[in-house]
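First subunit A sits with subunit B, and in the next complex the same chain sits with subunit C.
Entry: the complex of A and B
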C-alpha cells in the first residue's frame, strides 16, 4: 500500500532553492532510500515531509491526505516520525525524558509499556535511563533517537543519515535495526550518503542531484548501475 | 538584631526570587530577556493596589486580580510584540529584546497616565499585624510573603519537572525544532510560558506592594534590574538559581543596609554579579559556559 507520495516538491531557504521539483513514493513494501551527495537536497526533502520546511510548490500526500502545508506537530500526529540529521536528541534531558517526549503526541495509557519495550530492544537505554542524553556515545544517541521516534508509534519513519559519524560496527547495528522496524510493518524512507549499505537493505531508491531527481529504480538495479557505481559506490 | 535582619532579608529575597522566576522561565524557553517583565510586575502591583486600597478586597482576591491582569498583559505581549517577529522569521535575538524594551517604555507611560506619578499607598488588612517571637518582631505580611514565594517557586518547579506540559516546555527550551517534530505546538508553548511568567510577575507585584506598603509607576525599572541581576547571578534559565540568587541578594541587601550603610544597598546586587561573573561566568547554577547559547 502506498503510504506517502511527494509530487514535484519545490522548497528552499530564503533565496536558495534546495529542491527543484522532487517526486518520491513510499509504500509499506520495502524500504525506500534517497541517495545523493552533500547538498543534493536529501535533508530538505525529509524536512518538507515532516513540516519543518514549507514547500513553495508541489504536493505531499500521506494516505491520501494533503499534508503539504501542515505544521510539524500535526504531521507527527498523522503517524510520520522523523529521526533528524545529527540525531536531534535533547542532550539536557535524561534518556527517559527523551523517550517520554517521543510519546508527547499520544494520550493513550500504553506509554509506559512502550518505554519498557524500547528498553528491551535497546538494553543500553535502560541502563542509562536516568543519565543526561548528552552523555551518550554517538551510537547510543542514534539508538535513542530511533527509539524516541518509535515512541510516537509511527506508520512512516523518516531517517536522515542515521549512519553518519558512526563506526562501521555501530552503523551495521543501525541498519539491522532499520530492517527490523520495517519488518514489523512500519514504512521507511531512508536518506543516506552510505549508498551501498542503504541499497542493500532497500527495495527502491531515488538519486538526487542539486535538488532534482536524476535516477530511480529498484535497489538491485541501482547497485549494478555503472553510473551509480562511479559516482556513489 | 541579627535575627530580625535575617527575617527581613529572607522576605525581600523571597520577592526577588519570584521576580527572577519570571525572567528565567522566558529566557529558558525563548532565549531572550523579557525587558518588559518589570513593568508587568508593576501593572500587577497596581491591579492589586486598586483592589486592596480602593475596594478593600480580601487578600485572595487581590492576588487573583493581580495575577489575572498580569497574565492578560503577558498574553498581549506575546501576541503583539513577540509572535509577529517569529512569523516573519526574524532570527536575530536582538529584535525581540528591543521589542520588549519598547513594550516596557509603553507600559510605564500608560501607567503614569492612568495612575499618576508618585507613591500610591498599598493597604491590606494585614498591614500592621505583627507578633513577637523571642524578641524578634515578625509582621504577618512577612510570613505571607515568604509562604507565597516558596509556594510559587515549588509549584513552578513541579510544573516544569513533573508534568507532561513542563517536559514539553523544557524540550522547546533546548531545541524548538526538535520539540515541534515530536508534537509540540511551539506558539502554544511560548504563549503558556510568557503568560505563566507574567502571572508569577503579577503575584510578585502584590508581594512588593505588601512589603513596601506603596507602589509607583517607576517600580518596574528597579525591580527589573534586580531580577536581571539575579538570573545572571543564579544562572540564566535555572529555576533553582533564581530562588537561591533571589534569597542571597535579599539577605545581602538587608545586611549591608543594617550593618554598613544603606547607601550601598543597591550596590550589593552589582557587586555580587561582578564577583560571580569573574569567578563563575555561567552563574551559580548555570550550565557550563561552553554549552551556553548566545
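Entry: the complex of A and C
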C-alpha cells in the first residue's frame, strides 16, 4: 500500500532553493532510500515531509490526506515520525524523559508499556535511563533517537543519515534495527550518504543532485548501475 | 519586638528582584533571551498606578491588572519574537524596552512624564489604614507604625514570591515544562516530536511578561513613586545578570541570584565607592568558575537526595 507520495516538491531557505521539484513515493513494501551528496536536498526533503520546512510548491499526500502545509505537530499526529539529522537528542534531559517526549502527542495509557518495550529492544537505554542523554555515545544516541521516534507509534518513519559519524559496527547495528522496524510493518524512508549499506537494505531508491531527482529504480538495479557506482559507491 | 525597617526594605526589594529574575527565567527556559523585562515591569507599574490613583481601583485589583496587561503585551511581542533567535532577539527586546520607556516619558497626561508618578498607595500604609478602621493597632503587638508598614510589605511580597516559585516549579515538572525544556534543548527536534513550538514559545513570553509586570506593579506599591528611570535597559541587564549568575537550569537559580546580588551591594557599603568594583569582580569570578550559575541541577539533586 502506498503510504506517502511527494509530487514536484519545491522548498528552500530564504533565497536558496534546496528542492527543485522532487517526487518520491513510499509504500509499506520495502524500505525506500534517498541518496545523494552533501547539499543535494535530502535533508530538506525530509524536513518538508515532516513539516519543518514549508514547501513553496508541490504536493505531499499521506494516505490520501494533503499534508503539504500542515504544521509539524499535526504531522506527527498523522503518524509520521522523523529521526532528525544529528539525532536531535535532548542532551540536558534524561534518557527516560527523551522517550517520554517521543510520546508527547499521545494521550493513551500505554506509554509506560511502550517505554518498557523500547527498553527490551534497546537494553542499553534501560541501563542509562536516569542519565542525561548528553552522556551517551554516538551509537547510543542514535538508538535513543530511533526509540524516541517509535514512541509516537508512527506508521511512517523518516530517518536522516542515521549512520553519520558512527563506527562501522555501530552503523551496522543501526541498519539492522531499521530492517527490524520495517519488518514489523512500519514504512521507512531513509536518507543516507552511505549508499552501499542503504541500497543493501532498501527495495527502491531515488538519487538527488542539487535539489532534483536524477535517477530512481530498484535498489538491486542501482547497485549495479555504472553511473551510481562511479559517483557514490 | 523590634524590627529594622531598613533591613526589611532591602529584603522587600530582593523579593521584587526575585520576581523579575523569575520572569526572565521562564522566557529563557524556552531558549528565548529577552531584555524586555524592564519594559514589561514598567507596564505593570504604570497600569496599577493609573488605576489606583486616577480610577480609585483597589490596590490588589490594580496589581493583577498590571500583571495581565504586561502579559498581553508579552504575548503580542512573543509572535514577532518567533522569527528571532539569540542575540538578535535580545537586541530587539532591548529596543522594545527603550521604546516603552519613551512612551512612559512622553505620555505625560497619564504617566507624569520624566518627573515620575507620585502618590501611589503604599501597600504597607494601606494595610495599616485597613487595620485602623477595624480599630486595630500595631502597638498591640509592640510595633511602631513604620516598622509595621515595612513588615507587612515584606510579608505580602514574600507570600506572592513563594506562590510564584511554587507555580513555576509545578509547571517545570509538568507536560508544559517538559515541552519548554525540549524546545530549549533542540527546537527542530522538539517540533519533530509533535510539540507545538509556536504555542509554547509565545506562552513562555507571555508568562515571563506577566511575572515581570506583576513585579513592576508590586514595586510601584512598595516605593509609591515610579519614574521612567526605574525601567531603563540597565534594569533589564541587571535582571538578566540575576538569572544568569544564579543559574538558568532551575527556578531556584533565579531566586538565589537575585537575592545574592541585591543584598551584596548593601553589605559592601563599608567600602563605599568601591563596592560596585567588588560587585563586578564577583560577577566575573562567578561566570569563570561557575558558568552554569550558582545553582545547577546537580547541586539541587544533592540537596534533595538527603
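Criterion: the second predicted complex is superposed on the first by the 233 of 233 C-alpha atoms of A that agree within 3 Å, B and C clash if a C-alpha of one lies under 4 Å from a C-alpha of the other, contacts with A are read in each partner's own complex, and residues count from 1 in each chain.
Going forward, contacts are C-beta pairs under 8 Å (C-beta built on N, C-alpha and C of every residue); 3 or more make two chains touch, one makes a residue touch a chain.
Not measured: the values here are computed from a predicted model.
When both complexes are overlaid on subunit A, subunit B and subunit C end up clashing with each other. In the superposition on chain A, A:22 makes contact with neither subunit B nor subunit C. By the touch criterion defined above, A:77 reaches both subunit B and subunit C. Contacts of A:181 after superposition: neither subunit B nor subunit C is touched. Of the two partner chains, neither subunit B nor subunit C is touched by A:146.
Residues 50-52, 71-73, 76-77, 81-82, 84, 88-93, 97, 100-102, 104-105, 148, 152 of subunit A contact both subunit B in one complex and subunit C in the other.
Against subunit A, in their complex, subunit C makes its touches with residues 175, 178-179, 181-182, 184-186, 188-198, 249. Taken in their complex, subunit A has these residues touching subunit C: 47, 50-52, 71-73, 76-77, 81-82, 84, 87-93, 97, 100-102, 104-105, 148-149, 152.
Contact residues on subunit B toward subunit A in their complex (touch as defined above): 164, 167-168, 170-171, 174-175, 177-186, 287. Subunit A contributes residues 50-52, 71-73, 75-77, 81-82, 84, 88-93, 97, 100-102, 104-105, 148, 152 to its touches with subunit B in the complex.
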